[in-house]
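Letters A, B, C, D and E mark the chains as written, and numbering starts fresh at 1 in each.
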Amino acid sequence: MKMDRRSFLSFLIGGAAGTTLSPLPWKLTDDLAIWSQNWPWTPVPAGGEVTFVETTCMLCPGGCGVTVRKVGDRAVKIEGTPGHPVNDGGICILGLSGLQLLYGPTRVPAPLRRAGGRGENHWEKISWDDALALVVEKLAALRENRLSHTLACISGTDGGTVGRLMERFLTAYGSPNFIRTPSMRDAYEMTLHLMQGVQASAGFDVENADFILSFGSGILEGWGSPVRMFRAHSAWKEKGVKVVQIEPRLSNTAAKSDKWLPVNPGTEAVLALGLAHVILKESLHRKEFVDFYASGLDRWKNEVISKWTPEQVEAVTGIDKSTTVALARSFARADHPLALCGRGKGSTPGSIGEFMAVHALNALVGNINRKGGVWAVPGPDYIRWPEVEMDATAAAGMQQPRIDGAGTEKYIFARHLLHRVPEMVTAADPSLVQALFILEANPYYTLSDSALLKKAWDKIPFIVSFSSFMDETAQNADLILPNHMYLERYEDVSYAEGFNKPYIGLAKPVIHPQFSTMHAGDVILRLAKALGDPVQKAFPWEDYEGCLDDTFGDALETLRETGYRVEADFAPGSGYPVFETASGRFEFIPEEIRDAGMQAMVQPQGEEPAFPLILIPFDSQRLANGYIGDPPFVIKTVPDTVLKGDALFVEVHPETAKAIGLSEGRAALLATPKGQARVRVHLFEGIMPGLVGIPTGLGHQAYDGYLAGKGVNANALMGPVEDGASGLNAAWGIRAKLSRV
Amino acid sequence: MDDALFPKGVKRCPLPEFLMKLGPVVALLIWGVVAMLMCWIKGLNQTNMNDAYGFAAWIWADLTVIALGGGAFFTGFLRYLIGKEKLKNIINFAVLIGFICYSSALLILAIDIGQPLRGWFIFWHANVHSMLTEVAFCLTCYFGVLTIEYLPLVLENRQIDRVPFFHNLTHHMHEVMPLFAATGAFLSFFHQGSLGGVAGVLFGRPFAFREGLFIWPWTFFLFTWSAAAYGPCFTIMLAKITEKVTGKRLIKDDVYDLLAKIAGWMMATYIVAKIIDTWYWATVTAPARGMTFMQFYSNNPLYGIWILILEIVIGGVIPAAILLTRKGRNTPFALMTAVVLGVIGVCVNRWVMVLQTLAVPVLPFEGWPMYYPSWQEVATTLLPVAYGIILVAFSYRYLPVFPQEAELNPIVSEPAAPPAPAPDTDAEPADAELSPAQA
Amino acid sequence: MSTNDDKAKADALTDTGKQPEQDKPEKGNGASGSILFFFLVGLIASLLVGWVVFPELLYSKKKQPIDFNHALHVDMVDEGCESCHFFREDGSFSGVPELAQCIECHEEAQTDHPEEIKFVTQYVEKYREVPWLVYSRQPNCVFFSHAAHVRLAEMDCVTCHGPIGESTHSRIYEENRITGLSRDIWGRNIAGIKRNSWDRMKMDDCAECHAEAATKTASEGEAPIEGFFNNIIRIAFPGSLSGRKSSVQTQNEACFVCHK
Amino acid sequence: MFPFNFEWIWDMSHLVFMGGLWFALTILGLGMAYCIIKAVIDTAQGKGGGHH
Amino acid sequence: MKHEQAKKYGMVIDLDKCTGCGACMVACMAENNVPFKEDETNKLDSITWMRVYQLTNGKPFPDTDICYLPRPCMHCEGDHGHSPCVSVCPATATDYSMDTGIVSQIYTRCFGCRYCMAACPYHARYFNWWDPVWPNGMEKYLNPNVSPRMRGVVEKCSFCYHRYQLAKDRAFMEGRRELEEEEYQTACTQACPAGAIVFGDLNNKTHRVHQIVQPDPAHAGRPKNPKAFRLLERLGTNPKVYYLSSREWVRRSGDHYLPHEGPGGGH
């Protein structure tokens, strides 16, 4: 039988009919659909037993309690711990994203030694033994040459065991240069020291205050312990507590406040003094406090009455005099009025004059160490290690002045002045810093005046980062000794920013370390051991956990169980506490600083004609601007009026923009005395004309593709402004120029 | 060369010239196919669509080609159900255009959905309350009808027709063609309408939402009506263009005149209905939701009141007026102007119903999102155009699409050709069985 | 283009054109027979391919890492299936035991059975989880609550899993090469015919049982006569009058009942 | 969609909509079947070929 | 077998408390395996089931005011469950459950026609324009209770329905069928540091949502609380997410009003 065309055709038709009657086409259609529902490249998360681990978040100084949900051995979600004294179940946007940092591509997987030039990001993985040997070799040599004091450490932490171990290491080694990263904490501590004579941090009984007067504090931007502040804010709303926000830009805090007073930038302290003027003039102050517990009022009063009448205040601050008077009255007449300062998140200290003026307001209404007021919270007392026995080298090293000058005659009250380091390093030859450790900090990004910083950086021969993440500082270091990430390690958190009770939180290992990392505490102990006596002698512990055991004793077990310890019934005094100043009273004008203390205003850098505008940085809860950069989830929430593609938007008032010829979204060149950057313009009715608002927390060069290269680092355009009285960095802005490109 | 395949009694250009002229179109086709494959393989991120524009150029193209392809069902309706015999001379072409439009629409839909491999869910797991389900079902069925209607034309190719089976099949298909046409018209009335319903039922989109009759919003009826009005315009336009390209008269003027007249009446009535609908929407429907008429036409860089004028006046009232006058219909330029304006009008209408519907901010604190298509969207939208040109070209070359062609263009030089009837008579073409009219 | 070519092609075309006429004589004498024959050949061949060859090709066959004897284990434990496949306190179901559970008994080999020795040496000693192939693994879009079925509705494991507890050997695991799913989901029978409730585990099978349960619930509250007529309707139109109306779209159970 | 599908409901919308659809499909299918069968019969009877 | 009373889960968000911090957005993303891309600044192509909008009163400096408004899926009930999106889905991939009042979205059923997105006036529905990609290792944090979506399908807020399922399982183990109010809470509610979100059963008079909102069953759930409002209520979507604000301009921003009209039952 011949297979001709016709037969072939009928064969095909038969085949088609048969195929249609077979499962083949139908099952294939179905299976292809099912394939598309289960694409192998779409991950399928594994199931398992669900467990919860309670620990403490270490992504900011807030000290929140977090509960990590685990499925099998995977951590899948971070939630706030209900009943926790600081955050009671709430959690912030950054804390929620912790797992993206834990499992993310920014982690440093192992000890890394720089392979190319600094900052080129070429690395060589080395063993922990080799890495530690490298450090020991350097340190031993420096010590041998009696240059132990040229080792410095920049640390984001100082109260807990790890910070203290590091500080102790420097002491035993022979260097006074343990430098904590700057924040408003410096200014508040100094204020309490000067006015109340105590070494304490400021705690705020925000839950019980009934009138909030905020001098630019970003209560809803991340100031203090953010979640606690949010909760307090909600409680205020429920109770009808009045909030007055004083700042030149409509921040979230300002928008949520009952009254927003757009004050001329940098003149907040003047307004505080103006309020004091009204209070004193109208005798609205709380006499039972002022008369019995304070000193120096008369002198201060004279000054305030003569200098800061509401008219004068209006001329400087732009706040209408009747507003000042009304505000002063309602503030003073409230039962528990509370004045706060520290701009934005409080990441820059600020001028001591301003802090003292605001603190004096609290004193005028008697709200010191009292319900709803400012409490002096003593530092952690649980670390009672024996004194370091210093050998001659160490003693000699410790005798050397600190590189940042803190504690020297000029900066007698300052404890840490990190902003001075770049200048000092650049000035001297050879560099005053021969070796630099960086622990839980990212100064390469957070320090202002990047150009100077870079110069200083180049002069430091040996830089070691302990960072868990490839941040800017790690990227520009010579050696990275990656710490376990906070979800992988034990560490005590000795402090919750702005919390009004002594508090210890414990971070616990939620999961096994994901990479070849080592606890910074263990690294310090191993370095000490390798350096031998006398350094070794100061560290009688086998390992960090041993140190923790030794430090807390039996208390560690309870801490492990509850995750935190708080002195719930802490009160700084049943009535008013005894002040530890020379007079034993609250000092309105501390003797030590009397003239400088009245210098309330700090001028921004730059001159008028060249830089007609003023650039002010502004913080946002959605932009982490400290040691940690925004993880992918958080950067995703940043509005497109702040970041679009890689372009950063600066906020300008429509009138100001019009004068320059800029419209919404237009590209512009933003120049300051410290540098310039290409930006785009977002017109915002909520910013005072003549100002340029720049968001902080962007412009990273390191981390991953989700963050690097996006926007502009506000710090690069700013420079430190030294407060004459304290030496603290008091910069709140800088003169700037915005031009079309 | 390939003249054995030509319809009887007509002249065609040599094959190389034919292919060469199609070259650019084929290039366009390939460009479109590349873009299509990119969309399938890499996903819809190749487009400029976004979460505000879930529907965009493609859905507009879909709605538009179906409206324009409406010439097929409406001409069929007039020819087979109303009995306008004269239209048999344009019905083949109308069916061809319809076939192209509908196959294109289906292809675009297959590209437009995010999971093409699951596209059949719309049939298997149908939600009968969804206008889109109605669209998909009727569209597919009507495409089947069009295939059935187009098939005899293919089988009438001179060589295929020699096969007895095919010849017989053609014969019998012509026999039952009114039944198919009726089914097609039935399906078309529904899916043209449900395409209108797609936008009209969106009660979350005040720009598109309309009240209506039972489950059907007014847009349902307006869409059917407008397809019936503007579809024939498109058929006329393409026929005229084909005449221009081939340099021959292919259809007699009285056929054009009849179709144009009917289209004119449809358009006139449609545009009156559309104006009433717009008026009612602007004064009753939208204000009931707190929105004012001008809110839909201001504060954005594109959608001004001009678009409404373009759609209703320039694309509706004017062409309707031209088509309603005998002079307008019989002046070639006026006729062409009218059908082109009409086609523009319906394109704008479909654009507005898809794109402006989505652009109008509904949340009071949102702005107007703007959109322009990516090149992949443009290429895939032009793909059907290229494919359509190619199919028309091949159909014209090898199939007896225009029954009056031989009569209107007698081949004088070849004595072998059948004797040409006098051009001015209305006599049937010699080989009458080539025409569906015979069935 | 050369005229020769043109001519050749034209000839060819003419030939083609003539062919039907040449073929015509064949018609009616044996031609239709051969047509029928080839039609049948095509039909039978494609049926064989579709029904026999295709299923063979579609599924890959995999052996379990350990040949597990369910029957043996069930005999030795007290609480039946739940001895190893237990509920956690939070209501989640443990599913296939993890190594840690097995180790409770098998820290060392208890017999000299080669499979047990293999298990101990290759997994227990190395503390490596056994990569079991789960016959009943549903795709990730499925939410299935064992608690609702076993605890609340008191269903037997066998209803869905079949008599796997009686098996003495692990059968071959067949995996659909396209979908990556176990063959047990579609069912052994390529046509989708099932005899037992556990023969297939597609959505329709879940729905079938749910509809039955719902119908039962609905009919319980009906008066006898009403129930009689309603039952006739139910038999005539399966799925109707089921009494469940939680889904607006399907008046069946809402999608999220079984999907995640 | 068929009545045995999960999504099917015995209600007016389904009966009208799917009924209409299946009705249309049946007409088309039967129509085509009629044409093909007639054509086969005609061809078997030797009708058709070339011109008549 | 006794049937539980039908629930109508809903949410009330206090805009006076909401600080716009964005924690709800991230809590949602982390809970629901929402993917992310390197560049998420094109907000029209950025999946955020919960999105926080910034509203402004449009007044010039210094009378400018802003307010944040978190927008999850409204889980519209429409008219008897015919929410704008549910009725248009051609493949029954989205559904309204009368048991819970939750609008579901079944990703594996969805074939990506995006008609529901065109239908939703709240832009609460998101399309997976891209394949979801987690950087190597980051897929470890994915939640097994929520299936990751493939490219080409629509997704949206589910009111964390999986949490309802898990809570039910737990209740079943204890022989209960009914859930306590706190047993089923969405991730955003749980996370909100301001405590601005309250979630619960609007049908249950003991639940806080009911007490705050006081829905009026005679008027499709319109709130009796004068501070409460819903978004685009006048479209007839009958949403189950309510907002509270003491500011008139904010309440007015929730819907369209002709010049002489105003919020608060004046229509």
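Here, contacts are C-beta pairs under 8 Å (C-beta built on N, C-alpha and C of every residue); 3 or more make two chains touch, one makes a residue touch a chain.
Every value quoted in this text rests on a predicted model; they were computed, and no experiment measured them.
The greatest centre-to-centre gap from subunit A, using C-alpha centroids, is found for D. Ranked by distance of CA centroids from subunit E, the top chain is D.
Pairs A-B and A-E differ in how many C-beta pairs touch across them, and the larger number is found at A-E. The central chain here, found by comparing per-chain C-alpha centres with the mean of all protein C-alpha atoms, is E.
Per-chain Cα centroids separate subunit D from subunit E by 47 Å.
Subunit B and subunit C have centres, each the mean of its CA atoms, that are 45 Å apart.
Annotation: 33 Å between the Cα-based centres of subunit C and subunit D. One simple way to say how far apart two chains are is to compare their mean CA positions; for subunit B and subunit D this gives 25 Å. Chain contacts: subunit A has residues 32, 35-37, 44, 47 touching two or more partner chains.
Of all residues in subunit B, those touching 2 or more other chains are 115, 118, 121, 125-127, 129, 162-164, listed in ascending order.
Along subunit D, residues 6-7, 46, 49-50 each make contact with two or more other chains. For subunit D in complex with subunit B, the touching residues are 1, 5-7, 13-14, 17-18, 20-21, 24-25, 27-28, 31-32, 34-36, 38-40, 42-43, 46-50.
Interface residues of subunit A facing subunit E in the complex, by the touch rule stated above, are 36-37, 39, 41-48, 71, 74-80, 87, 89-93, 96-97, 99-100, 102-105, 220, 226-227, 230-231, 233-234, 237, 250, 252, 255-256, 260, 262, 514, 621-622, 632-640, 643-645, 653, 685-689, 704-706. Residue ranges of subunit E in contact with subunit B, taken from their complex: 42, 44-46, 53-56, 69, 78, 84, 87-93, 109-115, 117-123, 125-131, 150-154, 231-232, 234-237, 253-258, 261, 267. Taken together, the subunit C residues at the contact with subunit A in this complex read 23, 31, 34-47, 49-51, 54-55, 58, 88, 90, 92, 94-95, 139-141, 176, 178-181, 186, 190-191. Against subunit E, in their complex, subunit B makes its touches with residues 43-45, 49-55, 112-116, 118-119, 121-122, 125-127, 129-133, 136, 198, 201-206, 287-292, 295, 357-358, 362-366, 369.
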